[in-house]
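Some structures are shown below for you to check.
Next come two complexes built around chain A: one with chain B, the other with chain C.
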Partner chain A sequence: MFNFSKNITAWIFLSPSLLIHFIVVAIPSVLSLGLCLTDWNGFGKINYIGFENFYELFDDRVFKKAVLHNVIWTVIFLTIPIILSLTTAYLLTGIRRGQLIYRLIFFFPYMLASIISCQIWKYIFHPIHGVGNWLSQYGIDFLEKSPFALKETSLYAVAFVDGWHFWGFLVVVYITGMYQVDHTYYESAELEGATKFQKFWYITLPMIRPIFVFSLMIIIIWSIPTFDYIYILTQGGPAYSSEVLATHLYSQAFDRFNVGYSSAIGTLMFIYVLIIVSIFGILQKMGWNI
Partner chain B sequence: MEYLMNFSFRSRDQIPNYIVLTIFTAFSILPIILLFLNSIKPQEEFGVNPLGFPSTIRWENYLDAWILGEYYNIFLNTLKLVIGTLILCLFSAGLAGFSLARLKPKGSNLFLIYLLVGVSIPAQMYILPLFLMWKQMNLMNTHIGLIIIYAGLNMPFATFLIRSYMVDLPEDLFDSAKMDGANTFQTFLLIAVPLSWPVFLTTALVVGLAVWNEFLFALTFIQDQSSKPISTILFAFQSRFENDWGLVSASAVMMVAPIAILFMFFQKRFIAGLTSGATKG
Partner chain C sequence: MRLKTKIRFQDKFCSLLFLTIFFIPWVQAQTKVTWWAESNADRDPVFQKKLVDVFNSSQNEIELVMEFKENLNDILRTAMVAGEGPDIVETPGPSYVKEYQDAGLLQSMQTYSDKYGWKDLLLPWSYNAGVFDGEFYSAPKTYETMILLYNKTLFQEKGWKIPTNLNEYEDLAKNVKSSGMNVFSYGSTGWQPTHEHLAGMYLNSVAGPDNVYQGLIGEKRWDSPEFVEAIELLRKHMVDEGYWSGSLENYYSLGWDDFHAQFANRNAAMMTIGTWTFQATENGFKDISDDWDWAPFPNLTSNGGEPSFLLALGTTLSINGQSKSPDSAAKVIDFIFKNKALVLDMANDFNFGEFVIPLKYTSADFGDNVNPKVRRYLIEFAEATGKGNYGYTTWTFWPSEPGVHIWKDMEVLWAGELNAQEYMEDHEKLWSKARRKNATLPVGKR
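This part shows the complex of A and B:
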């Protein structure tokens, strides 16, 4: 009996957060799961249409482009920022003075709001005021037009800005892992005459594997709902050249009020994230043995 | 000793490291310095000297931006959102974290799994139904409406962080309080919370930063110009004063300055809090 009332108190303590999270996340998510099977436009009658929205999605040219762009986005973030920040973190463990100040500077851009990072780089890539004009005095003219305004480069230019904001976060994450590596490994490797790269490849990387694999997971998960940078810098344009799932969904939802259709996109995003999380969950159970 | 070493520290060996690292830090920090320089540059100078130091410093850009952008009102809006979210989120996450760490009720694993699934749902999945719900409940364009959303979004993170700290509190303090006849809520408020102030501070900094910087939900749920917070106002400001770089940069610096100052005082907390998910696996 005593235990029973203890349990009740404990659940009363849990209830405020449960209630808030239910209202903000769980209920609308479940609604979305239901609405993706309808053709509702936010006002009229709600008609059940089965998987019609999903069939339509696979014929939607913009949707297919958006999927491709999300894949490109994921691949970019899984390579360039990771290589850069692993290198940086490793170099940081090799210096004696100034580690902290370097780390703070690397981390600071991660604290900036998306709107700020976007504004900084909008100026730098501005065709008249930015580096483009300055470089063209020396005959380097690839930045003469703003890369955000060109079909060929818009997606990569936005990814560059987001990457600039993000990579310092990875540096700090990796260096936290590297500090935990027992230094006797390095000492014995040094006695054997190992090079810096060999020490990195055979000692550091295997030792930080849990953190490294986890960073892969958050990058894959965070790449799917990416929205702010694209919406602020290009709005998905020009000519859908930087459209991603989140911006496509947003315009379907809030410009055209295609409730059913945008719920279908949201549901697909959720299923994808769920699959990724399960895969990594299984990997973790197996002790990261990949 | 934090500075475990992977090389023997001969200073000659470190020089290449310093060179590369300095180039990388320049990449990270120079754009931010440029933003600051632009904020004190007179408008005429942007044509002739877009990237260099301003030849005359014009602090009035800040005053102009403050007046033209009606920033007093905007910062008040933002501050309301931050403080409201902190109160609601820290209070409920504190209770939940305490319950999970100390009371461990039956089914608390279920709650943790629920939170883990909750954080992995992309916002786009539920933003439109939430929008329609908020419309029904007349919460659109209200700060309290956005505060509830922010509290919900940050709840899982705050609960996890507070729980992981409270798990390590010594049991005998709670036992002796119970002997003295304190009820569960009193032990929470009088023992667990005061002992856990460091984690509450860290959580407050991270959640506060998230609210200060948030864009998507502010864009969607506050369309009323006079209620908007700083992030979406800056978005509107950028197209309104598109080529007035001095004004726009000064506004941006005003948004960054409080963060930069707090970061100087609480670097370790910010970094530990923001990377806690990744580094604890």
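This part shows the complex of A and C:
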């Protein structure tokens, strides 16, 4: 039954944050969505131009490249950091002493500001002062040139740095989930002679499924507006080889003064995220334990 | 005794009353003029002490308040669009002025320019760059040009000479490389638009400023052979020959400190850069026995000829369309333009990398404290440009879309995904679009 007095109290307490959310997030977002149908340059008159920005987008080779790079980025983050962090978290649950130190070590990069992480890796891969130059003295020259400066590797190099910063966060999330698993399952499995991998596969993974699926969802959603690491390390270059949707959007809005066009990119990003969230919502409604 | 005290008290009271009546209204009558400037830890105190404090103490009518902001462009745009912002609007160049002016966010300064005679004070090209739709909207705050820096000691040791044509340029590059050094020190990490410095130099040096002018005013297409040849030559020197920092990848990887160190440490013989670098170069050579010098970038044609100085405005000053005190804001700008000594003193503090207002200087204007190399640059620049020996930089004369294309898509060309012809065809398309949208920037008659 709807309890009016109980609900009104909740709404009263929610209203300040809702109000701020509407003013700071919701209204500007809706207005920004509206801009995608205009040719606004960020300064002057706003002219309605229908879907022209979208037609132009589908002819924009940089946009197509950016979409592809976002897909690659998502795939990378859905595989490497997840495999690494699941394995590490599982192994860490078996450690009794000093586990906190390990957790801290793995979590530490996540606490660093992106600009600091980027500077560290820029220096590591620096062609003069970096390890590549040092290794080349011993005949190992695959890092002689900075991977950020090669169009073949720039996207993967930036993903590596972002992944290095991000995976510790997943370790902590998974380890928290793994501690919630009832230990008697493992004891029974041990009595049955299950291997470590079998225990992980048949007990741990199913038991942490809600957390695991949640991590997949946030990775897919966070991969779309990814910006800071790419902007700091490569600015989308060289030759758009690491350009993603967010850097393209930024360049259109702030370098070229095409705010309407960049809003069209933003709208497509928003629709994509909405679809992902809806899929997860539908799965949940269908009874999936996520 | 008591009477004396009473009299003293009355005196004090009267004095206080006098001050209240006359002093307070005077304080209140002062007009406040705000100016937002890009924050820079080294420069801000100099602006405060040598400009703001000096201006404020020079008169009682206006109070100048300079606020130093991080990411000025973003903050300023938001404020201006919202009908707010400072009285004096500082932008990074004419392409921004054009957007603000089109949107009706700036006031015309034509009346002030006529009243105070600014046209006669400023170098003609810099004045013309501020004229939009026939009216003066932006005053130059600093000007710059691209130059060739070289290690003078090294050149003397090796018997190298500054090249005067394409053959000499390529021969010198060969000699430098065979000595185990990089030809030029430069890099783009942290500032991708660095590529446009080189693109502008090659367009002017190979195709010639006259052709570039024709391109700017729409009388020559940008995919004409002269321009394609210029861009192809830059590609060859950058990608095939690795003139800049040894390879394209190294050029992409080096930043400001790296390439200055490379130049000072004899890892490169020369550096192609703007005059904003004087301070950093001077600092780089401070503790070493080598000396540096500069030369205008040569014409990269078989005949060579007298090199040109590229015209560039670093920052500009305008008056906010919403300003409640435009007259006072104009008085601040006029104070600056009429105080050559103050401008030169401040510019000297920045080793002429900032606040170099393009006023008509003569050698008599410079004190003994000015670095002789910089003094020579200022005088030669004024003489050469006065004779019409000048070219055009992309960040002062290119509209925003082609202006971004020239550096952003240059990497696509260098990556081999496009050839120079295709690149310039794309460039021409963006110029056509800019012309259709009336987005081109003012270019004074040549």
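Basically, the second predicted complex is superposed on the first by the 266 of 290 C-alpha atoms of A that agree within 3 Å, B and C clash if a C-alpha of one lies under 4 Å from a C-alpha of the other, contacts with A are read in each partner's own complex, and residues count from 1 in each chain.
Everything that follows uses one rule, which is that a residue touches a chain if its C-beta (ideal position, glycine included) is under 8 Å from a C-beta of that chain, and two chains touch if they have at least 3 such contacts.
Model, not experiment: these values are computed from the prediction.
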Identify whether chain B and chain C fit side by side or clash on chain A in the overlaid structures. clash
Once chain A of both complexes is superposed, is A:254 in touch with chain B (first), chain C (second), both, or neither? both
Return first, second, both or neither, reflecting whether A:20 touches chain B, chain C, both chains, or no partner chain. first
Look at A:42 in the shared chain and tell me whether it touches chain B only, chain C only, both, or neither; answer first, second, both or neither. both
Once the shared chain is lined up, is A:191 touching chain B (first), chain C (second), both, or neither of them? neither
Touch check for A:225: first (chain B), second (chain C), both, or neither? first
Touching partner for A:239 - first (chain B), second (chain C), both, neither: second
Taking the superposition on A as described, I'd like to know which of chain B and chain C A:282 touches: first, second, both or neither. neither
Counting residues of chain A touched by each partner, does chain B or chain C come out ahead? B
Using the superposition on chain A described above, determine whether A:95 touches chain B (first), chain C (second), both, or neither. first
With the two complexes overlaid, spot the stretch of chain B among 56-64, 218-226 or 254-262 whose C-alpha atoms clash with chain C. 218-226
If you lay the two complexes on top of each other, which residues of chain A touch chain B in one and chain C in the other? 42, 122, 126, 128, 254
Would you tell me which residues of chain A are touching chain B in their complex? 6-7, 9-11, 13-14, 16-18, 20-21, 23-29, 31-32, 35, 42, 84, 87-88, 90-96, 98-99, 102-116, 119-124, 126, 128-131, 133-134, 164, 168-169, 172-173, 176-179, 181-183, 186, 190, 196, 199, 203-204, 210-211, 214-215, 218, 221, 224-225, 227-228, 231-232, 245-246, 249-250, 253-254, 259, 262-263, 265-267, 269-270, 273-274, 277, 284
Contact set on chain B toward chain A in their complex: 2-9, 11, 13-14, 17-18, 20-21, 24-25, 27-29, 31-32, 34-35, 38, 46-47, 50-51, 88, 91-93, 95-96, 98-100, 103-108, 111, 114-115, 117-118, 120-133, 148-149, 151-153, 155-156, 159, 184, 188, 209, 212-213, 215-216, 219-220, 231-232, 234-235, 238, 245, 248-249, 252, 255-256, 259-260, 263, 267, 270-271, 274-275, 277-279, 281
Complex contact set, residues of chain A against chain C: 41-45, 122, 125-128, 145-146, 148-151, 235, 237-241, 251, 254-258
Contacts from chain C onto chain A in the complex sit at residues 73-74, 77, 80-81, 99-100, 102-105, 189, 192, 247-250, 252-254, 258, 262, 400-401, 404, 408, 411-412, 414-415, 417
